[in-house]
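Structures are listed in the sections that come next.
In what comes next, subunit A is part of two complexes: it sits with subunit B in the first one and with subunit C in the second one.
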Partner chain A sequence: MLALIGRRLLVTLPLLLFVTLLVNLMSLLVPGDPAVQIAGENATHEQIELTRQRLGLDRPWHERYLDWLAGAARGDLGNSVFTNDSVSQLLQERLPVTLALTLSALVFAALVGVPAGILAALRRNRWQDSLIRGVATIGIAMPGYWLGLLLLMVFAIQLGLFPTIGYTPLTENPAAWLHGIVLPTVALGAPAAAEVARQLRRSMIDTLQQDFVRTATAKGLRYWMVLGKHALTHAANPVVTVLATQMALLLGAAVIIEKVFVIPGIGELAVNSVINKDLTIVQGIVVVTTLVIVVTNLLADLAHAWLSPRTR
Partner chain B sequence: MKVWRHIAVVGVVALLAAACSSGGTANTNGNRSGELDPNGIFRFADTLPIETLDPHTSPGAGNNVWLFPVYDRLIHLNEEAELVPGLATEWQFSDDGRTLALTLRQGVTFTDGTPFNAEAVKANLERGQTLEGSAVAAELAVIKEVEIVDEYHVNLHLTDVHSSLPYVLTDRAGAIASPAAFDNLSRAPVGTGMYKVVEYQPGSRAVYERNDDYWDPDAAAAARMEFTTITDSLQRLNALRSGSIDATILAANDVAAAQQAGFVVDSQPILQFFHLQLNLSKPYLDDVRVRQAINHAINREELVQGLLFGLGEPAVQPFPRGYFAFDEEIGTDYYEYNPDKARQLLADAGVPEGYELELINQNAPQYTQLSEAIQAQLADVGLNATITQSTIFANTFYVEGEGDAGAINWTGRPDPAQTIGLLYTETGFANPGGVTTDEVATLYEQLVATTDEAARADLARQLSRQITLDALDVVLYFPYENVAYSDRVIGLRPWLAGKLEFRGVGIAAG
Partner chain C sequence: MMPVDTRKTDTSSAPETAVAHYRHRWRFLRRFLSHPGAVLGGAFLALVAVLAMFGPHLAPHDPLQNNLGQVLQPPSGDHWLGTDDLGRDLLSRLIVATRITVQAALISLAVGVGIGVPLGLAAAIMPPLLGGLLMRITDGIMAFPPILLAIGVLGALGPGLTQAMIAVGVVFVPRFARLTRASVQQVYHETYIEASRVIGTPLRRILRWHVLPNITGPLVVQIAVTCGFAMLAEAGLSFLGLGAQPPDASWGALLGRALPYVNTAWWLGIAPGLLITLTVLATNAVADGIGDSLGRGSRRQK
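What follows is the complex of A and B.
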């Protein structure tokens, strides 16, 4: 187990180097000059040039990249070229919001997807199964932002049950947090729930046909024991994989969902920073997201090991 | 199984129908002229993200909405964009126009307790001039020295005669922050303003609380203001409908829906306008006849109807009707839509049929629609316009000098001399070819050197006229600013300068 964690962490470092290098190189392809915007709308040509020099934008990209790396190694992700805000601080403020949203979407996916998947598998080819599969197909096909807009129209505007914008931190007011996060969670988590339901149905059907289930039933174990203790543990493996891959997808989708529901997470920060060509912030976001995904995958591997001792 | 399929289909259709039907209920429990709730909370959604609350590094006027509740400027603009006292109660140019004497308001303190006085003014102006990353340094560069006469009198010694300065001081360049808080204004702003910021999330949200000691007791009519950024107009309308906000600014295509849902929408012109800017250093565009031809080729009424649903005013000069620099004689129809006349002028100037004109377009739907409409109108007079997309219009068109023309908006400036200087003089940053006419150059020099307000207004008007006669630009229209609000809101009015200031804006009691 420790070896697994160690191996993973070793791979993470070159991975991070690679993605930050990639972001840096991509920035060379992006046209435009943040100095024009930063120097202000009444600036002169000289002032734009001065701004460029001050920000070091006239230096070669690899110098700037190495400087940034040196800082990042000490935990300093640099400052926004636009506002000079510390990127680490911005991320500290915003990452919890995005994590809360993605995690609640994951929980939603599991809460809805797992029972639906089990029910579909048990009622295979009957109407419950068809309904669940049909809804799941719609869930996967429907873009999250569109579902988000529909939910807003119906539940926030028509029925007035939820706010259309805003976010209250969980630590500030749990009730308000829940009230604000329900719709974005459903919008973000629906495709994941559908995916979980489909995968679990499939693997559950496979498992239910296997010998050990028959043996367990033949031993006289109660139905729910067979189902819960034997079949489900076995069938859960692919679901864990799905949830881990979904985490990466959810972080990506959160960018749009945060825009739709006006939630101040890193997605919203990413969009604003790209528009402002604020590369340092974009880079910080990429590093942190990569880390989150690496950790999630690690957790998934640990869960696998726990669920099926063979892979330990 | 079939039955369930039907039910599923019906369910989806019902959801869609509910979503598409025009929703929202009119707010009827308020009264626009009613009593103010002294504890009212006013919630507003702005269109742009706020990246910093430091007035001296804030790059655009779009941020003024967020900054001005906190920071008073030395001089203020009223709703008609005229000068009124701010932190300076009087301002007077010396006879040679090279010194501006300011008399400061007495008994004012910053919300951190620091007294407001001549020292504070000097510290702020010098900070704006020298701060690393200052976005107002260019505007303040005309101040050579800030002389403290006494506690409440300051003389600004200028490099030359710069009659724009009082207007410049109404903007971020004249915003006064507490010198004790200079280090962290971007996050923890401290001013003398009618509100103070109690909560701030860069890029998305700020919460303001009334400054009980404010020198104008009627200004902060709400106890609290909550500002949020929502970049999409439809989302702003949704937020308004669901009651998440009380007021916002809407795009023209959402105005009808807002009215239908029972909201008040005030649509008025502001100093912002759209124009097809020409690069006069390019072939044929140095010929006034060609520029006049393009002016005659544009059907402005059609643009306003088609793109803005009529919520704007066609225009030929760079200032709107009702503003002191507007020239009545030129009016709004000097270049009437006349394709035949345009063709004739082009032929007179020797422009070949099908001459290719490259339009630079800021890659966003509103500009692309406009560029395409202009492309079609120019085709009618025998000009073959091609559209080149750019994500950085200012770079491509102003700095690199690419393309012949570009359709873009000008956000407006407090002083007409600023707009004219930036757009229509040889050194103006937003004059792509750096070309002007002698008449405009001469008038502009006079305007900058004239300190008498009435004489300035007259010169500004003459300049507006001359710019139009010389066809230095193809001004298209002034889009209305559409301020939408529920009828719980009291005192919200459009500001000609284009940036709402929320003075006297509050929430109705009950």
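What follows is the complex of A and C.
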């Protein structure tokens, strides 16, 4: 197990370095002179020069990159070029909000997708299967934020069951947080649930036809034992992969869902930073989310190794 | 790789014995037509294509004509889908937005295919070590959610639909590169290609006449699947206000504009979302249909 972690880290670290390099290279793509923009319209030549020095833009980019990298290794992702806020600080405030939403959506996807997938596989080609497959097909095609909009219209505005806007932090009032997070979770998690159900159905049908399941049944094991202990552990493998890839997709989709439900996560920060061309913040967001995704993939690999000893 | 089917496949219409080789060319079409979902999806996509091409002529009102006396009107005989916050006719705006939406999807597809396929081809022919390295790099890009990478690129280039879709296209590059590499590697060491190489056929001609025909099938399926992704990504970015900039609008931008009015003008949020969903649904159905109708190797088994 330790060797596996070590091997994965060996692959992961260069990948992370590559991403930071890519993200920093993007600053070279910025059209126009950033110093001129930041110094403002009426800035004198000296002011622009001063701004350039303050931002370190007078130095070659590889020096700036190494500086940034040294800072990032210590957890300092630089400061916003406009407001001079610490990017790490901003992310510390907002990332937990987005992560909480993403994780609850992931849990929702598993809680809905797994039973649906199993049921569809067991009732293959009957009406339960058709229904689940039909709903899943629509769920995958439907943008989550539109579902969110519809849920908002029906359950929050028409029926008044949930708050429309206003976010309560988890640390302040867990019950209110849960109440406010229900609709965003469903909106964000529905496409993921559909994908999980489809994958699990497929791999479950595959598994149920395999010899070891027949052997287990033949030697007199109870139906539920065969299903739970033998078939499900075997069929769960692709689902772990799906959940890991979904985590990355959900992080992206969360940015949009946050706008619908006015949740103060990284989404709003990202959009505003793009519009203001605050590149340091955008860089910080991309690097940190990459880190989250990489860690998720690592966890998925470990889960794989645990579920099927063959891959160890 | 032989995925077990996720849908009922009508194998009865395509029995292996009845497929005489002179009818080979029609086999694909016949199989495709036996999928009602795929045919329906294809018909819907044709409608979308018509809207994209002739949209401005079909719109009942001027999509940019403000009418401040008729702001946020519910659907009526004159305005079938109601009017928006500036009194503009929503139906006309939707119809005209089709072209921008389709264009956006095509841009990202062009970037994904245009870079991904040559890259995959190169990686397959290169020495394994170099090709493997190239694939490792694309793996890294593949880990990115399209929306986040697009936001990263837009951070440098500023908001705008073309930039956004190029960024989304970059995320698709690895998918096409991997697929191309895998398909090429499958055929590249077949005897007939080795033979062709031995007698001195130029590489370009081998690729054109022996390799490419073998990878078009999987490629077309992948393009159709990716098309749905591209539309969802475009809609998402425009929804955030980072894609199509006013007064231009795509379906996603119209949906984003409806957001502040969910309390007062719910109808603004229904039609654009429905249109996006139906189009993606149709694209996925067509992709499934094509995948099922292709040659024996890639057809899904019951």
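To be clear about the criterion, the second predicted complex is superposed on the first by the 274 of 312 C-alpha atoms of A that agree within 3 Å, B and C clash if a C-alpha of one lies under 4 Å from a C-alpha of the other, contacts with A are read in each partner's own complex, and residues count from 1 in each chain.
One rule holds for everything that comes next: a contact is a pair of C-beta atoms (placed from the backbone, for glycine too) under 8 Å apart; a residue touches a chain by one contact, two chains touch by 3 or more.
No experiment lies behind these values; they were computed from the predicted model shown.
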| item | value |
| --- | --- |
| Partner chain(s) touched by A:45 [first = subunit B, second = subunit C, both, neither] | first |
| Which superposed partner A:153 touches (first subunit B, second subunit C, both, neither) | both |
| Which of subunit B and subunit C A:206 touches, first, second, both or neither | second |
| Subunit B versus subunit C as contact partner of A:36, first or second or both or neither | first |
| Which of subunit B and subunit C A:279 touches, first, second, both or neither | second |
| First (subunit B), second (subunit C), both or neither touched by A:82 | first |
| Which of subunit B and subunit C A:8 touches, first, second, both or neither | neither |
| Which superposed partner A:123 touches (first subunit B, second subunit C, both, neither) | neither |
| Which of subunit B and subunit C A:179 touches, first, second, both or neither | neither |
| Those residues of subunit A which subunit B touches in one complex and subunit C touches in the other | 31, 138, 149-150, 152-153, 157, 164, 259-260 |
| Touching residues on subunit A, where the partner in the complex is subunit B | 31-33, 36-45, 47-48, 51, 54, 82-85, 90, 93, 127, 130-131, 134-135, 138, 149-150, 152-154, 156-158, 160, 163-166, 259-260, 262, 264, 268-269, 272, 276 |
| Partner subunit A, residues of subunit C touching it in the complex | 3-4, 6-8, 136-137, 139-140, 143-149, 151-159, 228, 232, 235-236, 239-242, 252, 255-256, 258-259, 262-263, 266, 269, 273, 276-278, 280-281, 284 |
| Interfacial residue positions of subunit B with respect to subunit A in the complex | 1, 4-5, 8, 12, 15-16, 18-20, 23-24, 45, 49, 51-52, 57, 59-61, 132-139, 186-187, 201-205, 228-232, 235, 238-239, 241-245, 390-392, 394-395, 399, 411, 413, 418, 422, 427, 429 |
| Complex contact set, residues of subunit A against subunit C | 11, 15, 18-19, 23, 26-27, 29-31, 125, 133, 137-138, 140-143, 145-146, 149-150, 152-153, 157, 164, 198, 201-202, 205-206, 248-249, 251-253, 255-256, 259-260, 267, 270-271, 273-275, 277-279, 282-283, 285-286, 289-290, 293-294, 297 |
